[in-house]
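Down below are the structures I want you to see.
Same chain, two partners: chain A is paired with chain B first, then with chain C.
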Partner chain A sequence: MSEPQSKVFLCLQANDETRGIVEAIRTDNPDAEFDYQPGMVRITNKGTMKVVRETVEEEVGREFDLQELHINIISLSGHVDEDDDVLTLTWNS
Partner chain B sequence: MQMDLKTVEIKPQRETYAHVAARIGSKPASRYQEGTFDLQSTGNPHYRPLWDPRFDYFDEARTKIAMKDWYDFKDPRQYYYGSYVMVRAKQQENAEASFSFVESRNLGHAIPEDVKEAALRLLLPLRHAAWGASMNNDFIAAYGFGTGITQPALYAAMDQLGIAQFITRSALLFADADALDAAKTQWMEADEWQPLRRLAEDLMVEQDWFELFIAQNLVIDGLLFPLVYGTIIDDEISMRGGSAFSMTCQFQVDWAKEAVRWTDAQIKAAVKESDENAALVSEWVAKWKPRAIASLLPVAQIVLEDRAEAALEEVAAEFDRRLGKLGVAA
Partner chain C sequence: MDMPAKPKKKLGLKERYAVMTRGLGWEPSYQDIDDIFPMDSFEGIKIHDWDAWEDPFRLTMDSYWKYQAEKERKLYAIIDAFAQSNGHLTVSDPRYINTVKMFVNGFAPLEYMSHRGFAHIGRQFRGVGPRVACMMQSLDEMRHAQTQVHAISNYNKYYSGMENFRHHHDYLPYLQVPKSFFEDAATGGPFEFITAIGFSFEYVLTNLVFVPFISGAAYNGDMGAMTFGFSAQSDEARHMTLGLEVIKFMLEQDPDNVPIVQKWLNKWTWRGVRVLTLVAMMQDYMLPKRVMSWAEAWEIYFEENCGALFRDLERYGIVMPPCVEQVRKERDHLSHMAWCQFYQARGTSNFHVWLPSEEDMDWLSQKYPDTFDQYYRPRFEEWRRMEEAGAPFKTTGINMQCQVCQIPMFFTEPGDPTRLAQHHCHHEGEQYHFCSQWCQEIFEDEPEKYIQSAIAGHDVFKGKAMRPEADPTAEDFNPAAEALAFWKLENGRDNGLHYGSQDERNFSMWRGLASSNS
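Our next item is the complex of A and B:
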């Protein structure tokens, strides 16, 4: 029996600032699931999820510092690996 | 008594305006999309303008470029009034800080006299060129079709006015008000400025707004900004001890980088639409580029003297590479 793979999740406030970020996550994580709840978006994906600065910049049309993400993060799960270009959430499998 | 709180999610009937949803599907739209798509008046035109009865007030036929959907012209910076004003306000603050840094440390006095004079002779008359560029973008905003391109054109017109004002402030910082009058006389009478002034004035009577876009925003700005603010002010003048000029021209450098993104996106959209458009764009570039280069040479010579030609060639080669990437014949 194969072990079911754990899911990582990222929960963002749903507002004008995060709209482009959510779209970027959709582009970079084609398998991710998006659950729109009142005032927030809960994004889950199996095993790993990444937020890529370059994709976000294309979506929002300006320079983007990944640290800006933290203003709108409600919660997350997974090990965080963050540098200037990409934020990755993973579970050690 | 026990109370249980329960959240009820109320789905909005519609996520955005119907005309925006028709373009992007029923999902939350960004403010840029809501403040841009289909804002241009179409249909039910009033009488035709007396001053030009060939066209409606808002008429797609005012340029030879043809688009199935004029909203293919999008601004990659996604500026609507709110975001545009916020970005510029921040840049204004940065520029103010640079100006007051230069002023409070008296950096102007540290510049060798001959370098200061050459830099001012080059920089100050350019505020008249910036005003011309502003007028031309006003024209595009007034006669262009589709808010996707006319809206950022109006912002570009305001930006060019801002650039003219920053140049004026540089003049007042490094010299005095008389320098502005002298620069106006230079612009009107000095031999080295006449080709550029003639080009600027010819463009003010150009009737095809997309041709004007190419001539002003792609060709002239695409050559002038890297040459004057990159090669001359940031490199040459700074090396000769005038880096204070670099600080007061910071907005122009940042703005040019940003404007390139906008301009390139418009050219790409036009070229992608049809071979006829691509041919027109190439034809217009071929028409205006040699004139722009020829009129910038005497201007570059003010500071670079006999090295001006080589510097201009380098800038032009870089510009040709940019055109190549846009699918335009250089």
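Our next item is the complex of A and C:
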């Protein structure tokens, strides 16, 4: 245990559109922490975090394109990898 | 012709990205590629495979328009609502409006510079992936400049200090700090520019400007700033990712790139942190209701977030920039030194200042237990006594500014808060002054560049801060009054103390009218 493991984060506007996305993130990343600040929520997790299309669709009750995240995203940290089904944030350390 | 019974399967994100970016490029046949892209090699960065670069969001132009249009619709609905409901009177306290002034004067013009810069490098990179990403970023930055100016124009209708934001950005001394940052970046090559802006500006700086600060705007009831801030920041997430990918891309392409990238990271970390001095002050002193202190924001967005990035880059041989040691020592001093400077030099700014109240100072001592009570509270208390005696303390001279970051030389030596930092060097018979060892090192690496810095305060002494019709030989010529006229500052209205200012009086009167019928 020499160094702390890096944390990735995702900040989203806290609004009606993101409520289901936030719940989906909670389901798929059980260790993630949720910090609600005025107007926004900052979600952190050690090493990696994923947003899964299928889980979001279950939460919001409609088809969801992961690129819709662009509308309400405020900031993020970590390397991004995105395809049709999952958006992943990771640090390699 | 018959229609096919089943529509063709839609392309997946990765395939669509390949078709809509690289698929749009071509190999030139009758021109040498080095003639078409003359600028992406002189900095010494070696790229062997441009196709190895991919936008991780895989955003294509068609989706870009779709999502940006959606962002604009949301934003303008709120800006209209804000204007229609006298939103400027719903903010927590009229002091807050000064942060909006600083924003439109100091920050919106940088968005425009960034638009220009990315349009330029979007033309200069020979790889199709980065070119498309830079073009999108260029459009984003234009959008940010426009939406910030639109949103803040609702304040400009009622308050001073904003109507000359473009002129002020070019000439007011304190605004040379952000301006010179961007001019420094834009006069570098395309790889240095994208490192400076993608990493330092987007990854380090905008996180600290937009996230805690705009969350602070929300907390202070400014729906307009909150909305343009978050709307802009939704693009920044993509920009940070672009900056990070470009750094990783350079490091992976050739080991010879590592020392060049390290040099830029060292330089631009420091340049970024120096600009953040203004943000630190906004957070600790200018938000009437505060979300978090500068020191707390720094821990999250620099120590944690940039720490993670540098640990990630270690495998390429990249290390944390050496200036970070000093930055850590300055963390608990930065906002206090800056606010002291703005308070005493308030004649040359286009917003108003005030002394922290007892309650503000108690909050500051709690957030800065090692520095505030010892070094800064006594100074504010003394200035309070002077204000009460009817003779507020004020500097009458013009400050010497650092040749590189252009911040007035008010910093103290790291670890020695009672000794003023004064660094100097000579170049071709002239003496140059710096706030720190790090700005001096940046100068010494490219002196031919920084000797050209236009330094607004120094220009007064060179006779450059004068309107064309000024006559310095006239008997009653007043150089200080002439400088204010040249800067388009209306003394006593645009600058000075908040309490008793026209803006403060108007806000109180209008808010009174808004909540009663008489």
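One rule holds for everything that comes next: the second predicted complex is superposed on the first by the 92 of 93 C-alpha atoms of A that agree within 3 Å, B and C clash if a C-alpha of one lies under 4 Å from a C-alpha of the other, contacts with A are read in each partner's own complex, and residues count from 1 in each chain.
Criterion: a contact is a pair of C-beta atoms (placed from the backbone, for glycine too) under 8 Å apart; a residue touches a chain by one contact, two chains touch by 3 or more.
Just so you know, these numbers come straight off a predicted model, no measurement behind them.
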A:Gly20 contacts which: chain B (first), chain C (second), both, neither? first
By residue count, which of the two partners contacts chain A more extensively, chain B or chain C? C
Just to be sure I read the superposition right, which of the two partners does A:Pro38 touch: chain B = first, chain C = second, or both, or neither? both
Quick one: classify A:Ile71 as touching chain B (first), chain C (second), both or neither. second
Across the two complexes, what residues of chain A are contacted by chain B and by chain C? 37-38
Chain A residues within the chain B interface of the complex: 14, 16, 19-20, 37-38, 60-62
The chain C residues in contact with chain A across the complex are 12-14, 56-59, 63, 67, 70-71, 74, 206-207, 210-212, 214-216, 218-219, 226, 230, 233-234, 236-238, 240-241, 244-245, 248, 291, 304-305, 307-309, 311-312, 314-315
Given the complex, residues on chain A that touch chain C span 3, 6-9, 11, 13, 37-40, 42, 67-68, 70-84, 91-93
Sites on chain B touched by chain A in the complex: 7, 9-10, 28, 30-32, 75-79, 87
